[in-house]
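Shared chain: chain A. Partners: chain B in the first complex, chain C in the second.
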Partner chain A sequence: MLTARYLERRVIYLFITFFIAVSINFFLPRLIPGNPVFTILLSRYGNQIKPQYLQLIESELNLRGTLWQQYVGYMSSLFLHGYLGVSFYYYPATVSSIIFSHLPWTLFLLGTATLLSVFIGVSIATYIGWRLGGKADSLISSISIGLGSLPFFWLGLIFQIVFGLMIVIDGQHLFPIAHAFSASVYPGLTFSFISSVLYHSALPIITLVLISFPGFTLLMRNTISTIINDDYVQMARAKGLRTWRIKKMYVNRNARLPIATSVALAFGSIVGGAFLVEVVFSYPGIGYMLYNAVTTSDFPLIDGIFLMITITVIIANFIVDLLYAILDPRVVLE
Partner chain B sequence: MNETGFAVPDVASPPPVMKKRSPLLEFVISVWRNSKGKVGAIIYLVMIAIAIYGRFFPPYSPTDVQFSAYAPPSYAHILGTNYVGEDVFSQFVYGSSVSLMVGFTVALATMVIGTIAGISAGFLGKLTDDVIMRVVDILLVIPGFPLLVILSAYLPPTIWSTILILSILSWPFHARVIRSQTLTIRRRSFVLSSKLSGLGNFRIIVRDLIPNMLPIIFINSIFVVVGAIVAQAGLAFFGLGNINSINWGTMLYWFYNEDGILFRAWWWLIPPGVGIMLLGIGANLLSNAVSEVSGTKRQY
Partner chain C sequence: MSGNELLEVKDLSISYVTRDERIDAVRNVSLTLEKGSIHGLVGESGCGKSTLATIFLNLIYPPARLVGGSLRYFGGPSGEISVLELKAPELRRYRWKEVSMIFQGSMNSLNPVMRVYEQIIDAMIDHDYTFEEAMLRVDTLLELAGISKRVKNLYPHELSGGMKQRVNIAIALACEPKAIIADEPTTALDVVVQSQITRKLESLRRDLGLSILFISHDISLVGAIADKISVMYAGKIVEVGKAEEILNTPAHQYTIALLASIPTLKSVESRISGIPGHPPRLNTPITGCAFADRCSKAQNRCRTENPELESISGDHFAACFFPGGGSNS
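Up next, the complex of A and B:
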């Protein structure tokens, strides 16, 4: 159940977090002595810039006036015009246009991987949660622990070597190791394009899912092992309810609740994984763009990508919070 | 037995002499007796030994480039060589010291900051609690890796910048766990009796709270060690931090950037990942053993 008060608190919280992310973006370059953005521009193009244009660049980078004036200018251009600056490397493209053309790829990877991880994690946990201490339980738990502690990009690189290069069937590699779709298809709602996209996203998504699902499996397995001994489950057993009914209505429903909170936290870590996996597979999402921005010291693009992905995660968290309130009426009462 | 029904010790006979061990030592011994705990502890002891002493006995210098490049494993180079002909095994051994140093330093800083913040929030309550928990909530929501990237991009590229950033970002989760522990423990009767006997807040925290939290502090810190090593590797892979320092992260950075994939140099790729995975498995085993022995659960 959702109450107006709960909703109000979550919305206020959403805005505070958003405001802080924006402020980090504003203050970070200005707190470092000798603004790195300005330094890099000067060191790269210093001899080509005529002195009379320096002021123009300063105002373009919003570096003129007192800190407070800069802050107001930054906030107003961001909120009123959605302006995030101009990329150094892809000049004259604006940061927001670059981000919006690449964000969909990242959302596709993130969304698919998160949903699959939760689904697989929960399914496996409901299976082994009822066979605690058995062979399947210890086998799956050990595999989960091993998989879950691997770095995302390392597994991606291994898959590239094994499935992208080493295994060759009929003179063809099993999976592509780079890009989001093959160069021979045109983007559009055609069968060949969609199948090419799915084919290219297979290895990145498998990498993300294999490392993300163990967390959900272990969490739900442990929750089930606690709930099984709870009084109300004993009571249900004692009054002779059938096992499937106890499982479905009493245990699994409750054991899924902690998953909902951990999805919000895990989403943040899957973002990091997706960024790294995009780099490994040269996948054109904003993680790959962030990597390019870091290697070319394209500071406006770095800042913009950080802001956009933070907003995405904050909104995702907000939605999860609302869903959680619907799933578990008790949270609203806190 | 006397008329009250209680056994009264004979005053004349000396009290039974027992070997009194400290509770901490007792605890360590019982974790070691646990089979999971033993395997986990051995993994960590071996890794730490390699990190500390390994650099004195490597087969070659990790920066020696006189060998042929991309040589697969052989008797002379048990893990082959990399793109300039450096011995991968020597790099792995040498790099483990930097990676583990990052992990343990970050864990130490996280424990100090997180424990102080968590106990202050839980014990002092009111405004302190509100302020600390709002900061924690906000830091937990902002996605960690992009925040790491943007901070590293602006700070000077040294390994200490990386350690500083990781420490700043990993304490909130620990603080939240410690706060909820503080809230439960402070209601227990032994804290009340300390309070009634006139102990100050500081002594209650040091003598009652912290000893009871040691298991959860240990469980959290061992996962911070692994988390920090993985995060540092991820940053290094992005070319952030000092990429010329030899550690497991930079080994993977150079593997990716020098086309280790096209040379199919699996011998160069596998060791750092396996090192990290072993630490992860060891952390899980140790934390399971500690929670079995102490009855504390790992919190997510």
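Up next, the complex of A and C:
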């Protein structure tokens, strides 16, 4: 159940979180040593930097005055006009235009990987949850613990080496190791483009899923192992119900409740994983852009991307809350 | 026997077996539930009465293990059924259709994420009722259990303890069973609701001709509704007989002590006398009478010889070398 009071409080909470995150996002990158303006000018004009260029660019990029003045300027333009500023490195492109052209790639990776992880994790757990203590259970449980503790970037690199370089069939590598689609296709709703996108996303998504699903498997397996001894499951057996009904309506319906909570918690880690995987695979999502932004001290772009992460995680948590209220009639959101 | 039996347990033994321990929870028990009667099974916590209850639906799962014995059911259309030999599909059809159960942990025996009516109809649908038939029956069942039919769309957490128990009764009646095993059906309910539920079970027996095995630790509660009473101690039945015989002329020293521990309205001034000591742990074999260490009349013989159930008078049996002496009448 959902009440108006819940929504109201949720929006206030969201706003406070948002404000704090934006403030931290603003100051954090500016603590990195180095002057971004020099970096930009050096990259464009080599050693011929004139002082008047410096001043011109500083005022254009909101880099004049004290840090506090810059903060006030940034916050007021953000909250009054929704303006995220101009990228230093991709000047004169605005931060929002850069984010919106790269965000879909990240959402694609993230969304597919999360859904697949939950689906695979829950399916495997349902299978072994009914064979607790058996061979499949101990094998899958130990593999899950091992797999779940691998670092994202490491597994990504291994996959690149093995499936992208080492295995060659008919003079062709098995999978591409970089970019979101082949340079030979034009973006559009064509079969060649979509298949190229899926082909390029295979390794990054497999990397993300393989490391993310074991957490769900282990959690659900353990939940099932306790629920199976609960009174209402005993009663379901006594009622002479068909086995599929006991599994579906009595065990799984209850076992999936903790999964909803853990999806919310795991989402942050999957976001982090997706960013690393994007960097490893030079995948043009905002994680890859963040990496570029940090190496070039592109403060506005760093701020903007962090802002997107904050919003994504907050919204994901909100959706999970709503989902939980649907799954469990005992939960009242107020 | 009179040919009036519905369920007959014979020489039943159930043990809990773990890696380093074996607990003989039910030891060589025989028990008969007659058609249309209420049979009370009384004993203190841990005496094995709930374990014994699970046999009627063959709900023995590890670590519990059936060591020996049989259960025969005489109410089926095709005559006698040996319940413990049924294969999985036949056992599933026997469960709830022939014998149903009200569980001890009835507060938790409803699925928290299913509506009341869903939990009533699923039993019927899996026992060959059509969905329409099952839905039509929901109101009747709730009415039989003495609860408003409006609760059918609620979830268990929206019900009080007494209401949940009535829902459990409605579920137990769903497939028109011949017998109900009621395992501590009134535990965790307040005394008013307790007596309502007890009277409800009694009226169901009368109106539907049900047989009820009423399991409780409260001998006075059982005495109020049961036709026959079995008293269980340390995994064995130590005394069995007509309710009034057990209550008025108890034979086994344990039953006598149990009855003496009931507070009465007249005994306000006096202290309630408990039974000193504890029941034995059942992880080692017991020689002699299990009650000997707590019994005021115990002799050497009680510690070395194993007393068997012997007739005191007619249908009244007790497993005691020195029966009687504590008449309540």
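Assume the second predicted complex is superposed on the first by the 284 of 334 C-alpha atoms of A that agree within 3 Å, B and C clash if a C-alpha of one lies under 4 Å from a C-alpha of the other, contacts with A are read in each partner's own complex, and residues count from 1 in each chain.
FYI, a contact is a pair of C-beta atoms (placed from the backbone, for glycine too) under 8 Å apart; a residue touches a chain by one contact, two chains touch by 3 or more.
The structure displayed is predicted, hence computed values, not measured ones.
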item: Clash or fit, chain B versus chain C on superposed chain A; value: fit
item: First, second, both or neither for A:T126, with chain B first and chain C second; value: neither
item: First (chain B), second (chain C), both or neither touched by A:S96; value: neither
item: Which superposed partner A:T106 touches (first chain B, second chain C, both, neither); value: neither
item: Which of chain B and chain C A:F275 touches, first, second, both or neither; value: first
item: Contacts of A:K239 with chain B and chain C, given as first, second, both or neither; value: second
item: Touched partner set for A:Q160, first chain B, second chain C, both or neither; value: first
item: Which of chain B and chain C A:P151 touches, first, second, both or neither; value: first
item: Partner chain(s) touched by A:S196 [first = chain B, second = chain C, both, neither]; value: neither
item: Comparing the two partners chain B and chain C, which touches a greater set of residues in chain A; value: B
item: Touched partner set for A:Y250, first chain B, second chain C, both or neither; value: second
item: Chain C versus chain B - closest C-alpha approach in the superposed model, Å; value: 7
item: Interface residues of chain A shared between complexes with chain B and chain C; value: none
item: Parts of chain C lying in touch with chain A, wherever the complex brings them together; value: 57, 59, 91-97, 100-101, 103, 105-106, 108-114, 118, 122-123, 126-127, 155, 157, 171
item: Chain A to chain B touching residues, read off their complex; value: 13, 16-17, 20-21, 24-25, 28-29, 32, 36, 145-146, 148-155, 157-158, 160-161, 165-166, 177, 215, 219, 222, 258, 262, 264-265, 267-269, 271-273, 275-276, 279-280, 290-291, 294-295, 297, 299, 302-303, 305-306, 309-310, 313-314, 317
item: Touching residues (chain side chain A, partner chain C) in the complex; value: 230-232, 234-242, 245, 249-250, 253-254, 257, 327-330
item: Touching residues (chain side chain B, partner chain A) in the complex; value: 134, 137-138, 140-151, 153-155, 226, 230, 233-234, 237-240, 252, 255-256, 260-262, 264, 266, 269-270, 272-273, 276-277, 279-281, 283-284, 297, 300
